[in-house]
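Look for subunit A in each of the two complexes below; its partner is subunit B in the first and subunit C in the second.
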Partner chain A sequence: MHVGKDSKWMQQLVFIGPAVLIFSLVIIAPFLLGLYYSMTDWNGVSPNVNWVWFDNFKKIFMEDTDFASSFWFTTKITVTIVILTNLLGFFIAYMLVQKLKTRNMLRSIFFMPNVLGGLLLGFIWQFIFVRGFTTLGAYSDFFLFKLAWLGTEATAFWGLVIVSVWQGTGYVMVIYIAGLSNVPEDLKEAAYVDGAKRRQVLRHVILPMIMSSITVCLFWTINHTYKMYDLNYSLTNGGPFRSTESVSMNIFIEAFANNRYGLGTAKAFIFFVAVALITVVQVYLTKRREIRM
Partner chain B sequence: MSTFLNRYKLHFVEVAVILLALLFLIPFYFVLVNSFKSMPELLKNTASIPEIWRLANYQRAWDILNLPLAITNSLIITIVSTVGLTTIASMCAYRMVRKPSKFNNIIFSLFVAAMVIPIQAIMLPLVKILNLVGIINSIPGLVISYIGLGIAFSTFLFHGFVKSIPYEIEESAIIDGCSPYRVYWSIVFPLLKPMTVTVVLLNTLWFWNEFLLAQLILLKPDLRTIQLAINSLFSEYTKQWDLALAALVMSITPAIVFFFFLQRHIIEGVTAGAVKG
Partner chain C sequence: MKRMKSALILMVLVLLVIAGCSQNGNSAGNQGASDVSGDKSGENSKESITLKLFNSKTEIVDQLNELKRDYEKENPNVKLQIDTVIGTDYASALKGRFAGNEMPDIFVNTGYTEMETWIDHLEDLSNEPWVQNVVDIAREPITKDGLLYGMPMNLEGYGFIYNKDLFEQAGIHEIPKTITELETVINKLEESGIKAFATSYQGIIPGRFGVNVPFALQGDPVQFIQEINDGTANFADNPIFQDWLSLIDLELNHSVQNPMTTDYNTQVTLFSSGDAAIIFNGNWIQPMLNNLNDNMNLGIMPVPINDDAALNNHIFVGVPNFWVINKNSEVKDQAKQFLNWLVTSETGKRYITEEFKFIPAFDNIETNPEIVGDLAASVQSYVIEGKTYGWHWPRYPIGVVQEFGSVMQKYSSDHLNKDQLLVELKNAWDKFK
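Right, the complex of A and B next:
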């Protein structure tokens, strides 16, 4: 066999080798190891690891109300954020494809929060909610500024929604702008010539034409929000009374604060299956409505 | 009736969107003006312009954060991860497209399938494995994790792009006696440039802002990234807003400057990345 520098084997090794090696080390091995740990009672440190079969899963489904409530919270907030982000993002994109003089600058401003990490944004907004709103409340007497935003369950939920929508809108806006600019001008014109109203054109011409952008934006917002961690960590730290604890936080706490490593990996596995299912169903449903040109 | 709004409606829309944009900017205004105030001034009124633009908060925050160190760490991690990821992913994608053997196809399908695995599902065992290999609590450990987490998506993006490059160009170079590595490096890689820009920008922003894994892997204070430094400052100096805001301004500035210089490419990159994904 020829094993020189240019041989087929060597090439395969040089081009594919590093990717496969790192992928196995960082994704495959932890994934399989996680499956194994999820069936043990390991605490993460001690040398004794006992095989417990599906006990962890049973515990999670039957007894662990904290996990259930973090899952419910994450689902509720994901639905809220996905709807609001996409509505606002689409609305702004729809305005910005008009011939506005300032549109490039506006596009940059709306996108800007997106380049900052969730951790920093959470701290920034903590200041806005705690101190900024106090000043605005003193000025305007407006009831919304007088609430203890991060102190009660309902308002903390909406606080997270506000920050997430503020951050995510720019991202989906950019994708919607690309989608909207690809709708052929003559198609819209033809509809107007036939006497269609602006609203009808939006509903029956534009929306069907940008279904692929909608698929992408829904996928991104669902995926992104379901995994939320940084923002909850820095804005509310899961409080008040663990009411804004996301699934990611719950997994983290289970493994490192409660030292139930096996249970934590079992939760992580359930979380993986749930997110995968939800996104696959969403992509299937919205892809079906896309028009092939 | 044209498909565009008439001039009056257009002005109205423009004013409305500008107002909305100002609303989006208000948080930045609050953070910026208050970062220059003393604590009593800040508590009195957070909306006003500072009486004196004092830099004392910035000096204190700079020392406590140990900002030069944090920025250096963040820069090293971001640059090495991005360069490594881009090189490895583009080479892998190139080979997969040009030599679609059974093995390569299986690996590619695995990559695509792995894109749905959330970081949370692997983060706990990943720490154990890094420990085993002996690179936990080190910058190489975090860099390798970032490359591993990004490899699937970046390879996927390059894969689509390599397919659009005609094979004839490479063929003639091979006939001229060019080695396969030279063909890749001097002919194919330059042609991949539009996709390379997308991959580099998307990953740079991700690595710079990443917190969850950094928090798990880098435990030594002298390895702190900007995100970790800010986090420890907030847990040690609670309610010291004068200090915290100056620290926040300094931490968000690099990302904002980066964005404003490359905004066109970043926005195009986001669009390209999203549509492919």
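Right, the complex of A and C next:
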């Protein structure tokens, strides 16, 4: 028995040990280090680091209106993107579990934007908005081509939404397809036999059955768009006049462009707490509605 | 028991891999250090050292790679490793390398505020042989307490770049010296169906180059910046800033395309295709213009903000970058040798003028206007005549340039009126001072 206990310990160590080690090296240690820097006035370069207690946090909450406005912008765009991506992704998934001849091809096509990296995508779409649309606008009178897409606050916002939804839809579509194909046929058939309409089957049979997919998709889209940086950087770079500056970008600029590393890490910490809270609440709420089979 | 054994072996393997990674780094470092000491003692060590150079000038990437080949041929035991990151992202990228313990041996600094930021890492270069030949305007930005910390890469100038052929076509034979004359020029151009400006407000141009104009035209810009910092002066009641606003309006109202959707590349493209006759930019766009349209006749003219011809008769010339050496580099002697080679050897000098097409910041390097191109030649003639104003944004607190840019964007999109613009510029300054 004694040996048995030891070997159990050993097994834990072998199988979880490396993961724990790497996790603490790559995630925990930088996190703690960040926490330390958030209470200093370090500029990111100089050897002098002064301890300032909570001055950075005070500054963020009392003075920094840019941080607040980038938070508000990020919240707005996250809500918009999450709703649109999930509705569209679900709709496409629902269409593509029907028996269509081209469905495999269509699935790949819709997933394709997701394969491209956000950075590359942003540059491609920047070209489309800046050069492509203006050229098309010169030949046609279609009003969408006449807009200064990345030049005004509202259109830059929607530009980001369009590209982001276009990119994310394929991803959630795949998850929804997996969920939809796991709904047992007999349940649906039973509902139809009982005289349920298509819409009622969708509402009362399919939706409750794929609640776990919804949890995952919502979690992924909220988490992903809240931390948006690459697309933001390459498409609008925060412009026009910092109106589309996401929180991640604000943090990056503060820490690396403005040489206020301490302030930047303090912002990052606040951001971490906020995103963690939001996603935990979301997962709690949607989990409650999941059906355990 | 057997399972436990294999598990143990696995564990040891994982540990070995992790330990191996860090070990490798260490031994490589030691290797470098021992090589240097070998060199210093005069022994010709056969083992080569690597000089890491981190460049921010994207325009010369190809030419630098050729230079690397030539330098390695002349110095067989030195390997050059050149990386380039574009100027606007350079500071963050450099900090990333610094944080990751991957500091280059030679890197780039813009002087003034940025020199202060990095001062603890910069090697004093005051005793290098090339120092005596540095032209005067290239010394101050990188000098602290009488010590020189960097080698100027080149001189650059900006102003209104104009297309001589289009001017000819519109019957304009003299460049405008005052803002009234500029208005006449714009009218003449537009009468012959030519748009005057391709104005770019998407990107760095208005915040960095634009706002520098009224700073540079102050009698004593350094004093003025000091007063702005102390709060004893502001932009709203400064006559030069007020005059400058009418120039801004001219540029915005006579642009061929919406300035807010015109980025740097679009601006240069519009200019090269003849869609606009004047752009607000600098001689560094010459290589790009050569690629787009090889047969343009170009000149640079001053940027008149009011009717005082003598005041406006200058263009804006400065040193964009300085090569600096990492004080803690293990191969800093080789780094110094390299910089010295760059400005004293025939090969190095040839690269500076003929390949990079730079306006040298050294009085011992001669340039040929036919090789450096119209724009550089034009800038150099202003330098020789002494008709230059300085670049003052490296003196601003860090972060202000970007903030100026977004304030200018707000103005161009009618979110601010003239008075508010000047107030907002001051607020932007105060945010970072």
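Definition applied: the second predicted complex is superposed on the first by the 264 of 293 C-alpha atoms of A that agree within 3 Å, B and C clash if a C-alpha of one lies under 4 Å from a C-alpha of the other, contacts with A are read in each partner's own complex, and residues count from 1 in each chain.
Convention: contacts are C-beta pairs under 8 Å (C-beta built on N, C-alpha and C of every residue); 3 or more make two chains touch, one makes a residue touch a chain.
From a predicted model like this one, the values you see are computed outputs, not experimental measurements.
Touch criterion met: A:Gln98 reaches subunit B, while subunit C stays clear of it. Touch criterion met: A:Ile253 reaches subunit C, while subunit B stays clear of it. Look at A:Pro30: by the touch rule set out above, it reaches subunit B but stays clear of subunit C. Contact with both subunit B and subunit C is seen for A:Arg131 once the two complexes are overlaid on the shared chain. Contact comparison for subunit A: of subunit B and subunit C, B touches the greater number of residues. Shared-chain residue A:Asn43: touches subunit C; no touch with subunit B. By the touch criterion defined above, A:Lys188 lies against subunit B but remains apart from subunit C after alignment on the C-alpha atoms of chain A.
Of the two partner chains placed by superposition, only subunit B is touched by A:Phe111; subunit C is not.
In the superposition on chain A, A:Arg203 makes contact with neither subunit B nor subunit C. By the touch criterion defined above, A:Leu120 lies against subunit B but remains apart from subunit C after alignment on the C-alpha atoms of chain A.
Touching of subunit A by both subunit B and subunit C, each in its own complex, is seen for residues 11, 14, 18, 44, 131, 134, 252. Here subunit B touches subunit A in the complex through residues 1-5, 10, 13-14, 16-18, 20-21, 24-25, 27, 30-31, 34, 42-43, 45-47, 88-89, 91-92, 94-96, 99, 104, 107, 110-111, 114, 116-126, 128-129, 133, 144-145, 147-149, 151-152, 155, 179-181, 184, 205, 208-212, 227, 230-231, 234, 241, 244-245, 248, 251-252, 255-256, 258-260, 263, 266-267, 270-271, 274-275, 277, going by the rule given at the top. By the touch rule above, subunit C contacts subunit A in their complex via residues 3-4, 7-8, 10-11, 14, 18, 91-92, 95-96, 98-99, 117-118, 120-121, 202, 257-258, 260-261, 263, 266, 398-399, 402, 406-407, 409-410, 413, 415, 432. Touching subunit B in their complex are the following residues of subunit A: 5-6, 11-12, 14-16, 18-20, 22-23, 25-31, 33-34, 37, 44, 92, 95-96, 98-102, 106-113, 115-120, 123-125, 127-128, 131-132, 134-136, 139, 166, 171, 174-175, 178, 185, 188-189, 192, 212, 216-217, 219-220, 226-227, 229-230, 233-234, 247-248, 251-252, 255, 261, 264-265, 268-269, 271-272, 275-276, 279-280. The touching residues of subunit A, when paired with subunit C in their complex, are 7, 10-11, 13-14, 17-18, 21, 43-47, 130-131, 134, 148-152, 239-242, 252-253, 256-259.
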